[in-house]
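In order of appearance the chains are A, B, C and D, and numbering begins at 1 in each one.
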Amino acid sequence: MTIRVQEDDFDLTRIYSELREAPTGQHTPGAISLFVGLVRDMNNNHTVAAMTLEHYPGMTETRLTAIRDAAMTRWPLGKAIIIHRVGKLYPNDQIVLVGATSSHRQAATEATAFMMDYLKTEAPFWKSEQTADGVTEWVSTRESDMTARTRWQETK
Amino acid sequence: MTIRVQEDDFDLTRIYSELREAPTGQHTPGAISLFVGLVRDMNNNHTVAAMTLEHYPGMTETRLTAIRDAAMTRWPLGKAIIIHRVGKLYPNDQIVLVGATSSHRQAATEATAFMMDYLKTEAPFWKSEQTADGVTEWVSTRESDMTARTRWQETK
Amino acid sequence: MNIRYFAWLREHIGASSEDITYDQTVKTVSDLVDILRQQSTGHQKALADMTLVRVAVNQVYVDIDHPVTAHDEVAFFPPVTGG
Amino acid sequence: MNIRYFAWLREHIGASSEDITYDQTVKTVSDLVDILRQQSTGHQKALADMTLVRVAVNQVYVDIDHPVTAHDEVAFFPPVTGG
């Protein structure tokens, strides 16, 4: 399963084992890159007590699949995976995992950064944060996320 | 232990758990980037049966520490770790792990790529590969590894 | 036509989805927005500044002048903040 | 002076380390290389083309014109290939 949107937590160990196995008929990967996003306990100078992730079922999976496919086309990857959680999460909980394998180190690391940058700007997820005193606020987008995505359009 | 040079295998799960815990007095990381290099079963169109990693004890640890420190200075990282194995290894064995945590996604991923690029060009390790028919050859350097390192000297 | 709202647009409007009768004069997303704004003060507030709103027709990102037809699913939501 | 060899330089020379008596005329790594080349055909082969060889004095990378003194540890090895 290369794209997963789920309420349940995910197990990095299991995903790593899957990535480490060569795809059928291919050689061992040589390089595995992984990125995990966790719920921070602090954001913009306020304490985060909990976070809720809303998404657009259907469109989310379509966008994530398109992002993964774009990475597979752009770099010589063995495997690529995107897992994103939805629902209520707490500080230090895992939110997102992106991983890629390749026989080339830079292909794996660049593809991972690429998938995260596109996920951040195109996948229909919305975070609301609950502060310690019970106030809930929608998280704003950051300029830096759009800048990060744009760089992939300029150069390979 | 942020720098390790060892014959024994390493456990990604345990390292990930350590990285996930905030450094004392700091906030939860938010972003964890990991890179693992594995022994390939094929290199330059020949089958690899085994690989031996030689190193320069003392200088290896000094260089890896300098590389890690440079990453910690250049990016706002929580933790950074480099583990490299030596001795005899077989296809699909883990060779190297580099990991970094940060509250900023790009700091974690860039620092990981930076540490790998410098490790590849400055850390005194030498690989010899044994083919299926018993021939042992020293692995040559690749131009691309030097190019990868040079980019960090030009731009941040 | 099925309309969907997410995040703070959903909160302002008080519903995550609504079906509206297709109006022949509605040719584009922009025409649809004009009609939706008249539904309630919540709609008006949610759709007041379309530079803050992203639009998807049948789950594909589109611009405000994109055509819409009777059987489309049209979604309005803020810029995404996952990951 | 303690000299160390790694990878294929070690194989050509047939030793990973050797102590050589400090020679007052040796001022730089380059002078040392000239003397080492005279030790054996293995040394000559290993140190024939210094563009293929990296040098570290006291475990720090240096150029061929770097000074050396009696108590230095001087290492010769190919470009690194770990990771």
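Structural remarks
Basically, a contact is a pair of C-beta atoms (placed from the backbone, for glycine too) under 8 Å apart; a residue touches a chain by one contact, two chains touch by 3 or more.
Computed from a prediction, not measured in an experiment: that's the story for all the values here.
Using the contact threshold fixed earlier, the set of chains in contact with both subunit B and subunit C is A. Per-chain Cα centroids separate subunit B from subunit D by 27 Å.
The mean-CA centres of subunit A and subunit B are about 22 angstrom from one another, to the nearest whole unit.
The centroid of the Cα atoms in subunit A and the matching centroid in subunit D are 48 Å apart. In subunit D, the residues that reach two or more other chains under the touch definition are 83. Each of the following residues of subunit B touches two or more other chains: 37, 105, 116, 120.
Remark: the chains found to touch one another pair up as A-B, A-C, B-D.
On subunit B, the positions that touch subunit A within their shared complex are 12-13, 16, 20, 22, 27-42, 91-92, 103, 105-106, 108-109, 112-113, 116, 120, 144, 148.
Listing the residues of subunit C that touch subunit A in their complex gives 4, 6-8, 56, 59, 61, 75, 77-83. Of all residues in subunit A, only 37, 53-56, 58-59, 62, 84, 95-96, 116, 119-128, 138-141 touch subunit C in the complex they form.
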